[in-house]
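Each chain gets a letter, A, B, C, D and E, in the order it is written, and its residues are counted from 1.
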Amino acid sequence: MKEPILRVEGITVRFGGLVALKEVTFSVEEGELLGIIGPNGAGKTTLFNTITGAVSPEKGRIYFQGKDITSLPPHKRARLGIARTFQNLRLFSRLTVEDNIKLAMGLPYPAFAPLFSLPSYHKMEKQMSESAIALLKTFHLYPYRDRIASALPYGERKRLEIARALALKPKLLLLDEPTAGLSHQEAISLMEELKELRKGFSLTIILIEHNMRVVMGYCGRLITLNYGEIIAEGTPEEIANNPAVLQAYLGEESLC
Amino acid sequence: MKKLIIYSLVFFVIVGILLTGCGKKTEERNIKIGVILPLTGQLSTFGQSVRKGVELALEEVNREGGVLGKKVELIIEDDESKTDTAQTVVTKLLTKDRVPLIIGEVISSITLAVAPLCQRYKVPLITPSATNADVTRTGDYIFRTCFIDDFQGSALARFAIESLKAKRAGILKDVKSDYSIGLASAFAKTFKEMGGEVVNEQAYAAGDTDFRTQLTSIKASNPDIIFIPGYYNEVGLIIRQARELSIKANLLGGDGWDSPRVLEIAGASAEGTYYGTHFSPLEKSPQVQEFVSVFKQKYNEEPDALAALGYDTLKLVCSAIKRAGTTEGQKVRDELAQTKNFAGVTGEITIDENRNARKPLVILKIEKGKPTYFISIKP
Amino acid sequence: MSLFFQQLINGLAWGGIYALIAIGYTMVYGIMQLINFAHGDVFMAGAFAGYVIAQLLPDKSSLPSVILVFLSAMLFSTFLGILIERLGYRSLWKKNAPRLSLLIVAVAISLLLENVGLMIFGAAPRSFPSIIPSRSFSLGSISFTNIQVIVILSSLVLMVALQLIVMRTKMGRAMRAVAEDSEMSALLGIPRERILSFTFALGSALAGVAGVMVAIYTPQINPLMGILPGLKAFVSAVLGGIGSIPGAMLGGFVLGEAETLVSAYISSSYRDLLAFLILIFVLLFLPSGLLGKGVAEKL
Amino acid sequence: MLKLEGIDVYYDSIQALRNLSLEVREGEIYALLGANGAGKTTTLKAISGLLIPRKGRIYFQNEDITFLPIEERVKRGISQVPEGRRVFGKLTVEENLLLGGWTKEREIKKNLEIIFSLFPVLKQRLRQLAGTLSGGEQQMLSIARALMSEPRLLLLDEPSLGLAPLLVRDIFHYIREINEERGVTILVVEQNAHMALQIAHRGGLLQQGELILEGSADELKNMELVKSAYLGG
Amino acid sequence: MRAKNIILVIGIPFSLWLINHFISNPSIFSPYILQIIVLMGINAILAVSWDFISGVTGQFSIGQAGFMAIGAYSSAFLTLKYKVPFLPAILFALILSAIAGFIVGIPTLRLRGDYLAIATLGFGEIVRVAILNMPSLGGATGLKGIPIYSSFFSVYLALAITLWFCLALLKSQPGRILLSIREDEIASQMMGIDVVKYKVFAFTFSAALAGLAGALYAHWTSLVHPDSFSFMKSIEIILMGVLGGMGTIYGPAVGGMLITLLPEGLRLLLEQNPLLYQNKDFVRMLFFAILLLFFIILRPQGIFGKREAKG
């Protein structure tokens, strides 16, 4: 059997006395589009933070492409190919759109190269610009390339954040509520773009989403978290009819 | 990039406009003498006193027809008792006003900082009261009209042992001041040579206001004299706090004490303390008495040592220029170096081969809230 | 041994003074996460207010004039504290400006106060009139003055009073509530801005008293006298755990004693080094201070 | 009693509420439902004054309160119990309650008695630090604190969040009691739709910042649309 | 290398050298003005060094005077006591202050925001008090008689190199990375950036520049003493940076020049009014304070910074 691209084994995260994640275990196959749903405070974003390394788990291990990354710092995980976006947009707001993209490309030449205007510096900067422009064009952001990121309309900023994540050339992309705040049409077109990209970049995507229509329509598989535990896993249809999920969302009927 | 160039152009135009204001303006009708003093800040009473003395002397010189047929004019600059400011101001005196000669500074540390500048421009610097030995070692353009700390310290030590019968000395010195450090070491050297013992040496930094910790330590080693080579602000507080801690030992200091501020701060605590200085208005010689009365007339107060030194210094400088017949640096310097038996109100001034003046030390005792003449110690 | 106790008494007086100033730092930090650099200068202003009033009084050392000097110093620094908060910080605070801007404003206000002081009073130090004539007492081989006793006792009394205000009164309760959760306090109808002014007023009043105390204790004042005690008091607040009022008090006394012991047994020139070494040590290894509660860093 | 007229609310440039109008009638419990991010909390914040709408008006008892400061709204009788309880953990239970009575100082004694009759458990814990209470007790304290200002309109944000099911039932029981016995109008925001609709008289459903459905509680209970708003499909 | 760069690399030093000949001749050009111009250059380097760590990287430092002191003292010690030539002494100063920056950088980077600011303040004061207690460095009275090696040429060449390096970094990937750390540290990490490494680098680089300024200063004034590197000096450096516009590099350079020029301009203006003239130093600082308040409250982006978009 092929090794899954991401394997999370028995992760437990605790903040003070509060258990944010409890024995969470799942894996993601290469090329999959996995959705994570669950009510407020279920631990979805904490799960992302744990996978990217911003939060270290109390127990459990995380494997990426078969490699144990549990104790790697976040920037190394990013270099291995795990990219993410944030629930409340974390763009570099005073940098231009193009620079936001270039940032994710690492440092392809020695740091002193620009001091002496070395040829390698000019060559690599040119290459970076070219690939940044290509990416911007894909996301229809090219006309904005010289603008400060914070001056973009909200929808464009959302797309820029995804584009920036892709500039890392990730293998695994974690999207935290990509359609939040977008109108229905915008949400659908964004998801269509993502679908295209997934093919183009041979990406694996994990998605936290509240917009159920998006989740149901695009995800191949869903995981439902509640109180930090996985309470259901399956296809969208299975999840939609799972009584535990309904209960988590709508509340306990039986007790009234 | 274009914006940068425009901005820097604008900037330099502004600079240019501001700086063209600094060009030479006046014809050299008068002889200009630069004076640099701490007129404000920590040690301002020194500066103010010297200024009074210098200005009194200036009046007299100009009343008698000036020097070389020209009036003498003072360019007095304030350095705020700060080294940095002093450097800037002296540079201005040297390069913008192009004075042939500078009187100042009062404080050893500041004089040491500006002396190299004067030496570099070969403009004589005559300090009325910087007593630290290193000052005149800076170079052959640096003079002083007062004694040096080696003499002052050893004279004070002699006084402590011979007149006050002290055997165990505590020292509390200001580590921020060259004057204080030099004086303390000169005192300690002689004190030990003469059979005394320095039982405790403590330090403070100018600007401190609480000395109880150091005084408590000194008190514990039970000295019969405490030598405090500092400047008046801290000295006043030290005297006061020492007496509050029930320290009974004699307190002794140098010319840094010579300011009414000591009495003002320490009040009754200062009673019975001794300090050495350059001058006492109570001396009987007619020259001194005349100076005292003229000074009183003009300023309505008794002159202190610094005023007297300021007075002497300007007089001495004018006489040297007269003898040189020119304001040219080299010649004036040579004449200054030749000064012999110049009769000043602070005693006869003879400039020695190290460009220092050899003069007696006057010891004053504070009695009934006033400094009174106690004894004089010859070099 | 008596030397040691003598030094402890010397340190205690400064400890009390640091503690009084530190309380102002810590309270303001608790509410608006601002290091109010101007606080040391409020302390200086208090000393000068006392000085001016004392100059005007005919009978300087009578009890009513002593009380008047202290009261006027308190009133003036309270007024100044409120003014600083109103004109300097409030608009930025309301706009939720970056904390860096607030910090720079604090530095600027500090510069402003110092130089206004310098323009009015000049840089040369001034003697503070002895409104309380000093008397020495001896207890065995330990001697102390009535002024030391007054400084230590009144700083303790003030601290107890402050603790009562903060723990027992309505305004104190509201202060703690705003410090803990400012938005929630507003939702309960608590007027946050008034509470903020009140906090500045309290801290400044204490600093003003501390100013007069230092003025009587040393007895010398100058417009830059607030800088170093201000920084030291701030170190005390950090040492005690910034945001914690009992911490600030404890930190003040610990620093006062530590400084005295270092000057007594090592060298007085290392005294200032100590404060800053403590500062760095606490920041790196004990970020919540002696009494502060650890707060996890937010992502 | 409370009327929102076509309000638009933004967080920076993100629009959270779109032309929202709704009305809460005197004496009723109104349940505002919707999935995460639908704008429920935002609505409450606009009513309590934490957010100012860019467009539209808010009326309370026929007075335009759109731009009133928060404290003034509390004085007029609007009190919010925010999400996550937000009790002052370093203060005692008693101090929390006293702070709640900031705007009704004269009535504090009387109101405390009322609170104790409603939540006897709080009386036993008066001197305890609020941070050491259990989650359910904290929720009670939070509600009790809000009641200290004698609100005419109580805004409850997710009172069931993070509580065990049995406690949730208790809390909702109290909410109903407050409404019935004290005559306080209540606007409750809940994810737990079934629970909320059990006690509510009327309700509304928010989606993407828009009110897409309004009706009596019984009507809403059986609507497929409610379910789909949560789970899509 | 492009032709434009070659022209700059050869042209700038050559023209500086030419100007130097003219400007350093006291019979042609007033040494008083030269003094001001040189100090302007030194302060410009200082302001840029501060901007690099605080404006660009977003790590607020209020201890910049400490690094300056290390550069000034270390180079002065070598030239004064061991007669080392100027260039090696400057290199030594650069290396030593860079090491200091590195050492300060590592632990203080655990701290953020105002805690970091306070720690740098503590560091600056520790350097100052440590020097106070080192008799071989002259203790409280400072080092005097340092040979005067700095000149218009060396100061402005250093400034040119500083600006060149900083601007080159700023517009290339390393600079972008530092800016991203200022904007959002966590997002930078998620972009694969080793935030700690870059912060330490920025601290080291900034400290080296401040040390360079210190070395030039020591060999211009021929005197260094601990009071020249007090907390107030650090504040003055911040003022230069804020005034010029944080994060722009050239803004602070101009800011540094203006702040140096200001007291001299004020001196000329105030000479007419004896009362104000007597208080010129306080008037100057008062003016600074008001300027600072004005800029923070009304124009936080400084003279040259770009206004941020609302949002």
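Convention: contacts are C-beta pairs under 8 Å (C-beta built on N, C-alpha and C of every residue); 3 or more make two chains touch, one makes a residue touch a chain.
Note that the coordinates shown come from a computational prediction; the quantities given were computed from them, not determined experimentally.
Each step here moves to a touching chain, and the least such steps from chain D to chain E number 2. Looking at chain B and chain D, the chains that touch each of them are C.
Put simply, the chain farthest from chain B by mean CA position is D. In this assembly, the C-alpha centroid of chain A lies 49 Å from the C-alpha centroid of chain C. Here the spacing of chain A and chain E, counted between their Cα centres, is 42 Å.
Put simply, the C-alpha centre of chain C and that of chain D have 42 angstrom between them. One inter-chain figure worth recording: chain B and chain C are separated by 38 Å, centre to centre, where each centre is the mean of the chain's CA atoms. Of all residues in chain E, those touching 2 or more other chains are 132, 140, 186, 281, 311, listed in ascending order. In chain C, the positions touching at least two other chains are 267, 269, 299.
Counting partners per residue, chain D has 13 as the residues that reach two or more other chains. Within the complex, the chain A residues that touch chain E are 52-54, 73-76, 78-79, 83-84, 86, 90-95, 99, 102-109, 111, 113-115, 117, 121, 124-125, 128, 148, 150-151, 164, 168.
Looking at the complex, you find that chain E touches chain A at residues 1-2, 5, 164-165, 168-169, 171-177, 179-180, 183-184, 186-195, 201, 308-309, 311. The residues of chain E lying in touch with chain B in their complex are 26, 30-33, 35-37, 132, 139-142, 144-145, 148, 221-223, 225, 227-228, 250, 254, 257-258, 261, 264-265, 268, 278, 281, 304.
Against chain A, in their complex, chain D makes its touches with residues 13-16, 35-37, 158, 160-162, 165-166, 168-169, 190-196, 198, 208, 226-228, 230-233.
Residue ranges on chain C touching chain D, taken from their complex, read 170, 173-174, 176-177, 180-181, 183-191.
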